[in-house]
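Chain lettering (A, B, C and D) follows the sequence in which the chains are written, and residue indices restart at 1 in each chain.
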């Protein structure tokens, strides 16, 4: 069974005494009507209980530090430990966001140099680091596009084009920016259907949002034509940087014709996923969108660095966070970029692509069906389990769950939705050939099991802390917090 | 090749398996005109040793000052255990817990987080976090507009006593949808937002109520809640979560403790280091009836096939990866690691520890306010209650004074002259439980010296 | 199976590139005859492989942070995380041991204050922190006793008295100091057999080495008479501090009559056991032995601190380590002592004793046989499983191994040797009553299993990474390192 | 009550179960005259917040200088991963792996350590560590005396070119057993120990050979090994383990690469921070025929009941907890956590990384030696080969020069005048791969300035 909740391990009055101020100050000068009448029911436990509970919980996770994650579109590469250690140096941790820049030129220099690096690898003219995740980077990008059209008085552009294979954040973001979304179909080779695009684009087109390579794991070969088409119609091109790892150092979005790009630093720049975040979604822009960059960003002045704000950038779309985005994540990305340097960044795309094509070849040989067999893989590729499902009844989900038993995280499943019974597999450049081979062996074993012992797969996983969970019940009988037994009123500082 | 394990032999074997002679062949679908851009303007790679030294030198130039800045980011004691555990590889390098069976650690932790946060806020439901306080307020605004029955109002009452950067962030995020933020003025004598002020304003879908407000002042949350309800508006509480250990929680605001609809804020005071402004995390709680309007991830408790208790992400049809253009928000990544730290922090301090930290901070701020206000020419701008942060007026412009204080190693506070010119030479000052009597005296002496000279 | 060895995961030429200096310097100026002809066969792996391997290995351990360790005589209490964080502050870590004391007064102050604290809790007159473990503390103590007798010209004292229940380090240390060991039996109540002692003590007696409370988990009640007896004969008393946790703040070894004491900081002062060390075995002495203290120790001079060496202490037994013992461990102990303070240190003995007596009462009620049923437990107690073994064939080892299945570390088994089928159980003061109760439940379940399903116990553990290991084979067919395949000679810096 | 979880209710329930009315009853077997001593002279307890601030302030006063001290402790780059993993709770807070089934992580790691250390030393067997280099040398001496066949010699040849603190430590540890350490003089012109020197000395059970020696000089280990063997003595190598990545390892010393009997030293250069002098760890390797004379813990690979590979402590009958007065040593606790870190360090650097770190250190030292020797009046004391550490003579007494350097933030080296008065104003200087060209120049400039003034 799952460990008892931390609440259930407590006893009234137990505390981690070293952590509470020794003196209980009075609350007499707070207005009685605004005082809390009952203490919130938080755990009452010792420090050892807390350390033990969360250490043990951590062991119930898969993670990059313990497992291979062939998780398509997520770029689960090694998160170098130095990035963490150095971003958590006491000087950085204790820096107040509103401290004068004169007292933190070291921090400012890191951010400035990271801006420069991101410009270089994306082929953009200016970068703002403030977006706190990919989706916020998208929001920033689309808001800039909106501001651009408005600044030109071009108010007719109400539509954003999004390929059907796009990440869900793309259409969601376009809507958040007040746009209508128009889906563009994908052709049978995995490219954008150029005819469909041609008929969709027009004076109502604000922009097209593209990932290249696409989520299908293939490079959009007619990107130059697409860019011309959209630009000619007066629209702009948004580059969703989720797949930038594939082409890092090989091709630049700016050269493809994109006007704005966001970079998921928690993918391409190896900052940790942290069980769901924090990420960072820096945005880079070409000249047209430069006036609209979100603030603050760092600019150089003489020998030093300072924040640029609304005075420097009066047409800015404004702030996206209280302070400077996920600054600590940015420091990690900066350290990573410095460790790799120009030549190291170039290698990323090469080896990520090599590993993906290798896995694709090996898994094809095992008997799995590539969704686009005639195409090169980018840093990731799609398999369709439809033939296997037809033969054995085994679904993509069954394979995914069984992989957990073999000690591998599952690939992304059922995305992109246009590939039936889809597995989207991305090995990244940091896994060794041995580990890729072990993954192929596991996939081969599962392929055999699907024919020989399908029940075993349908019931998987077998060796994890829990078996498949009742998600219908989870959604229907919502149990979203521990039920708090009531406790009598007391002065919280007594 | 930092972090790339491929040996030349590996590469040859892999190319052979693929059936291409060299790596460049793998890029042959990319138009030649685009290929092989070189990374320029980036320094060459360096060893961890070299970069460690660089970063240590840079860090040494920072963060060593005695800090009396608050204004949305607060220096509190964080137990050593918090980050030693939160940065364990299994939390630090894990992905979003979509594969529930392989993520029970993170999932149970988030369930505990949701339980703690709803307890602290006295609300029904918490999500698993948003980016930060300001963006959480923006999501709360969007959520309120979705949840607001009986009207298509696109207006929100937004008090001027809300943090100016929060207001600006909300504007950036929501303005694409044609939402109007109506500024609710504060009383320049008290620094508070009188409930009657709403009378002069057009109807809105929701009122934002900050506690404490940006000036550290305690708004009359009951009256404001009642006034908003009387106009058919929802109520969004924007609170400092640490303060909620001793102040009336949003779930009990209003006559009869009717409570607010949505409570949000920044979780930074609960175990997150200042760290130059982030990563922090935004929290968002609501009443049960708004569950399906909630943006962001939510964890539920359920059972597995053998009836064992387990945890999983739930209500996913609200989210962008399922619902795409119709999602409640575009949010995907949140601030999971910060929530991990904050959950450990709250478990360590408990309600007693949080209450003591809050009151100790307040006591330090109160003592500092007295000391500074005793300096000739320095005055407390507003009378009455505040919570661990207060506004001073100085006898001369604030910026040069702050500069002089910084040279003495003291970060004296946040200059209000740009955001609130009507307040004159106003300075927002904060002290937390981390400040000693000697620290306060040091500030007092330095300020007195500067003002005298 | 056990994970592949790190060596087996490598590939020729693979490296953690961020960790190796980028330039391979020449070795031309090193004499050819002294150059290494073949590279040592170390692992050739990536950084991710290393991180993943050792992270996963760590998960194959029990530890305080994950399990309760009722391990008698080892004082496995919570190791506060702050002690680690603060001892590893960059300023402390980068301090060179030979740096001038003027450049490290903060470090020196910590050591000085720790010396003072240890004096206070042991009732001694002076302390040296240099011994690196309990056994080295014993060595220091016995060497001082030897030096003392020699300084007085008293060369006839060739014998050291050691109770039969003593830790093995006691006789081993006496021998290392050139003494003959004479064992003193224990009486049926668990006290030293005073008659036997009386007949053993004499002009040949250099010292007696005692732990009080003894390893039997009971307080030596006639300690004052023992001290008088030995002192009258001209011998000295050595206090083995292994069990100091029992009496911390309650009784001081100095008041009992001891002349020298060592303190296991990794037990009583909560520094980590680290899977086998490092420890620290500070020694405290009364006036008689003060001139012989090992160097260096810290002394105060004016406002500052400096090292005391041979000049200050010409009769010193000398150095025990290259520099200042396990300095980082001492910093951890210092932080612990400051967090607890005078009143906190006093509580340690009280609650450790309370928890031990509680467990003793509960386990007795379950049916386990206390070895000394008429005695109070100190911070630990002994059970004899002899009756259970007689009834069921189940041994102390079986119970110990089965406990592992229940998620508890085993108690100390078969020590002290005079209790047949002995379990020595020490809960420490940092485990909550809930966890003690869970342990009792597990012990009760095992008691039942011993009668109902003894096979299950004899085969235990069942749920650990490995089952019982073939220790005979381990000792007979020594396999103490990975077998290195040979690799051709090459210039290591090529 | 820091770290004590007992609530008043818990205490009452526990006392009731025991059957005593109050806690003091549990101490009723202690003679009244001894009871209830109070802890005096110790400050009251303080919160982690207060102690953290104290320690941060104290640490800030330390370790910031530019360090050219070696003399047995060396500042090398340590990858961040090393200590982030070594301080994981499962390593940090685990006990000695006596319960093998519950300690496979630590046991496999030690087995890997033993494999690495024997590879580095080209020896057969390694133990699981001793306290530090000096005490390891003492254990090596005792072991050699046990292992020495054909004689009851209690004498050891101990070169004066061995670290003086090592020699002193050995003396302290072994002198109780009547062992005689015979000093082997070095040639004051070369700083080396000529093999012929042994001719004038009485027979001994073993010769200690340092490489590099305390002066950084490279002894003629082959000749010394041969000379010792010719006299029927065993050979103990005392080496810097990092240097062994590029220098001839002890297992190959002597004509025909006959090898030494025992190799030992301090593991500090392999991933252990300077940390004010410890904790470091001592390593000890030997040939297979001496296995049963080895002190300390040893891990062996074996199988479990199902035939699965597993690891366990082995050869325990050598140890004190089994053999008591007849044990090979009184050692019990060793330096497990240091070995954990060091194993991770060696795995990360590999032989290529260690070799590069060693040669980069040496290159830095060579460059520094040239720069400093170019200062008027400063001379290299010994000609010829050295390894990353060298002896200078200054034109004036060393102590005041070092003091002046320290005031300039430079730790200039170790003053040899006390231990080696015959060398005059001699200074032992070290540089490692962590020193940049700018660092070297800074030292050079500072020294030149001081000597000129």
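Going forward, contacts are C-beta pairs under 8 Å (C-beta built on N, C-alpha and C of every residue); 3 or more make two chains touch, one makes a residue touch a chain.
None of the values given here were measured: they were computed from a predicted structure.
Which listed pair repeats B-C comes down to matching contact pairs by residue number; over half match for A-D among C-D, A-D or A-B. A count of contacting C-beta pairs for A-D and for C-D identifies C-D as the more extensively joined pair. Chain D has its Cα centroid 45 Å from the Cα centroid of chain A.
Inter-chain spacing, taken between the CA centroids of chain A and chain B, is 19 Å.
Chain centres here are Cα averages; for chain B and chain D they lie 48 Å apart. In chain C, the positions touching at least two other chains are 11, 14, 18-21, 45-49, 51, 55, 59, 64-67, 78, 80-82, 84-86, 89-90, 339, 430-433. In chain D, the residues that reach two or more other chains under the touch definition are 1-5, 10, 45-49, 52, 56, 77, 79-81, 84-85, 87-90, 433.
With chains as nodes and touching pairs as edges, the resulting graph is complete, every pair of chains being joined. Note for the complex: chain B touches chain C at residues 1-5, 7-10, 45-49, 56, 79-81, 84-85, 89-90. Those residues of chain C whose C-beta lies close enough to touch chain B in the complex are 11-14, 17-22, 45-49, 51, 55, 80-82, 84-86, 90. Of all the residues in chain B, the ones that touch chain D in their complex are 47-49, 52-53, 77, 79-80, 84-85, 87-89, 433-434, 436. Only residues 9, 11, 14, 18, 45-49, 51-52, 55-56, 59, 64-67, 78, 80-82, 89-90, 339, 430-435 of chain C touch chain A when the two sit together in their complex.
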